[in-house]
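Okay, got some structures for you below.
The same subunit A turns up in both complexes below, where it pairs with subunit B and then with subunit C.
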Partner chain A sequence: MRRTLLFIPGNNAGNIQNAGLFGADGVIFDLEDAVSLTQKDSALNLVCNALNMLNYECEKIVRINLDNAKNEILALSKTKIDSILIPKAEDVKEISKLIKYAKSLKAKIKILLLIETALGLLNSKELAFLKGVSALCFGAEDYTSQMGATRSDDNKEIEYARNYLLNVCKAANIDAIDTPYTDTNNEAGLIKDTTYIKNLGFDGKMVISPRHIDVIHNCFNPSLAEIIWANNVLEAIKKAENKKSGVISLNGKMIDAPIVNRAKNIIRKSL
Partner chain B sequence: MNIDYIKDYGEVIPFNGAFNLKPKEKTVKKQIKLSKQNDNKVYTSIQELIKKIGLKSGDTISFHHHLRNGDKVTRIILKACEELGINDLKLAISAIFPVHNFIVDFAKKGIVSQIDTNYCVGEVANAITRGLFKKVAIFRTHGGRARAIYAGDLKIDVAFIAASASDEAGNINGIMGKNAFGSIGYAMPDADCAKISVAVSDTMYPYPLSNPSITQDKIDYVLMVDEIGDPNGIKSGTTDITKDPIQLKIAKTTANLIYESGLLKDGFSFQTGAGGISLASAHYVKEIMKEKNIKGSFIMGGITAYLVNLYNDGYFSNIFDVQDFDLEAVKSLRENKKHYEVSSSLYANIHTSSPIVNKLDCVVLGATEVDTNFNTNVITSSNGYIMGGSGGHSDAAAGAKLAIITTNLIRTRKAIVKEKINSITTPGESINALVCEYGVALNDKTLAKILKNSKLKIIDIKDLAKLANNICGVCEFEKSNKKIVAVVEYRDGSVIDVIRQK
Partner chain C sequence: MISVGTTESNDCLISVKKHKKLEIFFINEEENPYANHIKKLINDYCLDNNHSNVFIEINDKGALDFCILARLKTALERLEK
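This part shows the complex of A and B:
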């Protein structure tokens, strides 16, 4: 489950120490944009030591630097890391090589790709199908900057990118993770944005403030009405199977495979 | 504690449990005086008044701390004493703030030789720790100070009581006048028992003053000065909910713990402090009360605008107020019918029929260090330097059904929960639970049973200490053998610990 992936600056020992305490489904230790050039080495050391020493009860992800990817992957492969987030993923061949290299060092490591450029989005339909990729994440800030778009409250400027990336992820059967909500003091805006992307079909959202985690979880968690509906669907299916009935209906509406899958998904998310 | 006697303190009664020391039969009576129709109580010359009352070297003079970091009265009086050549004074001041840093110079000059207080921060705290005072300091609790005064353990020769409003007969309060500071509850035992009580005010009202907090029969003289202090200095902590995610997490866990304990129901009573985790805990408690439609009975502690809003919004029906931490609280004490001013004795004196702390359901408290037996330090830092005091910590912990310590497990690379602590202020036996960012440690078997099936993350306090040690490294601990600079007196008058020189 990746409802929330919390960014933690890789050069801040206090934040790294507390990263696992906020209940996020995953933490992304950032070695890239959050860390200045002069602190890259020390941040890598800090993150490697923390991964080996501290017990995080969530997915442990590190965002690496594309221009020093191999060195960082080598160092991280010796830690208790779960996943690597490769930023600015564009070139299918380059990413493919990096994935193979990472897998050769640590077979079970998962790969998340950050799609944050126009070319990255264009190539995402191939990137999503690379073996080992388990999620595509959308980075709206870099993307809109390159597009020359102005960020707005209604997010129309990223609607196409969101929908395209989502379609690719569903086709590849991997997780689709949305861009972070950057206004840390606007809870109503966060709820609106999260509800919107959840209804589109996204699996989760990257997060830049720990205070956003519970809010996002509440949006993603199925409502009581949804859980009751899903249980009724599964109960109806069970009864129909026992009766060996081919046609299944609930409250006069036919239940088919997509409805059953939706009900199963709701129950899975409610657990 | 293997100490029988401490010079300039006296015989030591070692702490032996929160409720095990039975009080000796003793009461102090106010000195008998003859008052005549034409007595003039009002003075404008400090020196003239001091000469009149016969204050002399070696005496004990007392002050309250309601003006907190805005107090000017202590300086006015001590300066006059210096000019009159009075020295070797014992300063019984209920709390000391950075505004009182000048006392260090008075100690160096020999004018002040001993401090008797409930809380101390700033240069005076450093000076006590470094052993700069001639005599050992005494740290009491708020309730313990009231107890000591009524029991005659703390004998006050002259109580100088700052009052924002007075009349010519000595009826006084802290809610009127240009420098209103709110409740005057910590001065009430002083007014009751001091040999001489002097009200120090800057605003005179026609007789009779409406709503006197201390009445004319307990005030011997009224000293009029230009300014008793700056009421903006009473502000303590913050009025905004913290944005620190760790503090928010601790506060949310604390509120959930209170709810899961079963105490958060109609009639709930609650004490919490100002600032950081305390205020955020109050916020989350309010959210639960709102959701479950719970109406509380009373709130207590240092009163802030946030607590006043809880009263105004109907979450609690009463406020008991010993001191105010902002001007909104002062306004409320003046205007709200069920916002009651109470004395420190009524608040927390263990040797009375029933202090209010005994009616508390829950109190949320802080700590500078906690050991694996839940013994809590709120007087010294991890380095052994004085940086606070019990205030009402030990009193409320002992009285409340549920006393919760809230703290980060690690602060500035140092473990807060550990095997040994520098100084014990509040005994672990009166603490029910500790909440930190990693979960909840319990010191209460009944509570543990109640919480068995809750969603709270329960952790053994020894495991918390281990976790902190793993992250920070084991904190070196060395008990100093240097001279005793302060006695830590528990609320019943026994000595729970001593602080040694650094």
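This part shows the complex of A and C:
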């Protein structure tokens, strides 16, 4: 489950020490944008030691630097890391080589790709199908910057990218993770944005503030009405199967395979 | 002197320079209840990794072992370059 993936600056000892306490489904230790060029070595050593010496009860992800990817993957492969987040994923051959390299060092490592450029989005339909990729994450700030778009409250400028990336992820049967909500003081805006992307079909959202975690989890958790509806659907299916009835309905509405799958998903998410 | 880390809470600042022997200087040692533990941690790391000619100064601000060892490793790596 990846409802929330919390970014933690890779050279901040206090934040790293407390990263597991906020209840996010995953933490992303950031060696890239959150670390200055002169402190990359220091951050890598700090994150590696944290992964080996501290206990985190969530998915442990590290965002690496594309220009030093092999060295960082080598160092991280010797730790208790779960996943690597590769930023600015664009070139299919380059990413494929990196994934193979990572898998050769640590077979069980999962790969998440950050799609944050126009070319990355264009190539995402190939990137998503690379063996070992378990999620595509959308980075709206870099994407809109490259597009020359202006960020707005209604997010119209990222609608195409969100929907395209989501479609690719569903086709490849991997997780689709949305861009962080960057206004840390606008809870109503966060709820609106999260509800919108949840209803589109996204599996989760990257997070830059621990305060956003519970809000996003509440948005992703099925409501009581949804759980009751899902239980009723599964009960109706069971009854129909017992009666060997071919046509199944609930409150006058026909129940078919997509409805059953939706009900099962709701029950799975509610557990 | 090469310095790595910060003086922010939960971190430490470790400074190193080449020296005739291994020597560890702990800033405000008498005020830190973990000073002996940290000095032993640093000493053991240096012995295990053959760093016997280095002067190490530590300014601890409540860092855990993972952080102290990471800052020390980085400082020694930079000193070697």
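Heads up, the rule we're going with is that the second predicted complex is superposed on the first by the 271 of 271 C-alpha atoms of A that agree within 3 Å, B and C clash if a C-alpha of one lies under 4 Å from a C-alpha of the other, contacts with A are read in each partner's own complex, and residues count from 1 in each chain.
Heads up, the rule we're going with is that a residue touches a chain if its C-beta (ideal position, glycine included) is under 8 Å from a C-beta of that chain, and two chains touch if they have at least 3 such contacts.
No experiment lies behind these values; they were computed from the predicted model shown.
Visitor: Quick one: is A:R211 in contact with subunit B, with subunit C, with both, or with neither? Answer first, second, both or neither.
Guide: First partner only, subunit B.
Visitor: Would you sort A:G10 into first (subunit B), second (subunit C), both or neither based on which partner it touches?
Guide: After superposition on chain A, A:G10 lies in contact with neither partner.
Visitor: Should A:P87 be classified as contacting the first partner (subunit B), the second (subunit C), both, or neither?
Guide: So A:P87 meets neither subunit B nor subunit C here.
Visitor: After superposition on the shared chain, which partner residues are touched by A:L21: those of subunit B (first), subunit C (second), both, or neither?
Guide: In the superposition, A:L21 contacts subunit B only.
Visitor: Is subunit A touched at more residues by subunit B or by subunit C?
Guide: C
Visitor: For A:M53, is the partner it touches subunit B (first), subunit C (second), both, or none of the two (neither)?
Guide: A:M53: touches subunit B and subunit C.
Visitor: Would you mind listing the overlap between the subunit B footprint and the subunit C footprint on subunit A?
Guide: Subunit A residues touching both partners: 17, 53-54.
Visitor: Quick one: which bits of subunit B touch subunit A in the complex? Just the residue numbers, please.
Guide: 243, 245-246, 248-249, 410, 437-438, 470-471
Visitor: Where on subunit A does subunit C make contact in their complex?
Guide: 12-14, 16-17, 41-42, 45-46, 48-50, 52-54
Visitor: Please give the residue numbers of subunit A that touch subunit B in the complex, ascending.
Guide: 17-18, 21-22, 53-54, 209-211
Visitor: Taking the touch rule as given, give the residues of subunit C at its contact with subunit A in the complex, in rising order.
Guide: 4-6, 8-12, 63-67, 69-71, 73-74, 77-78
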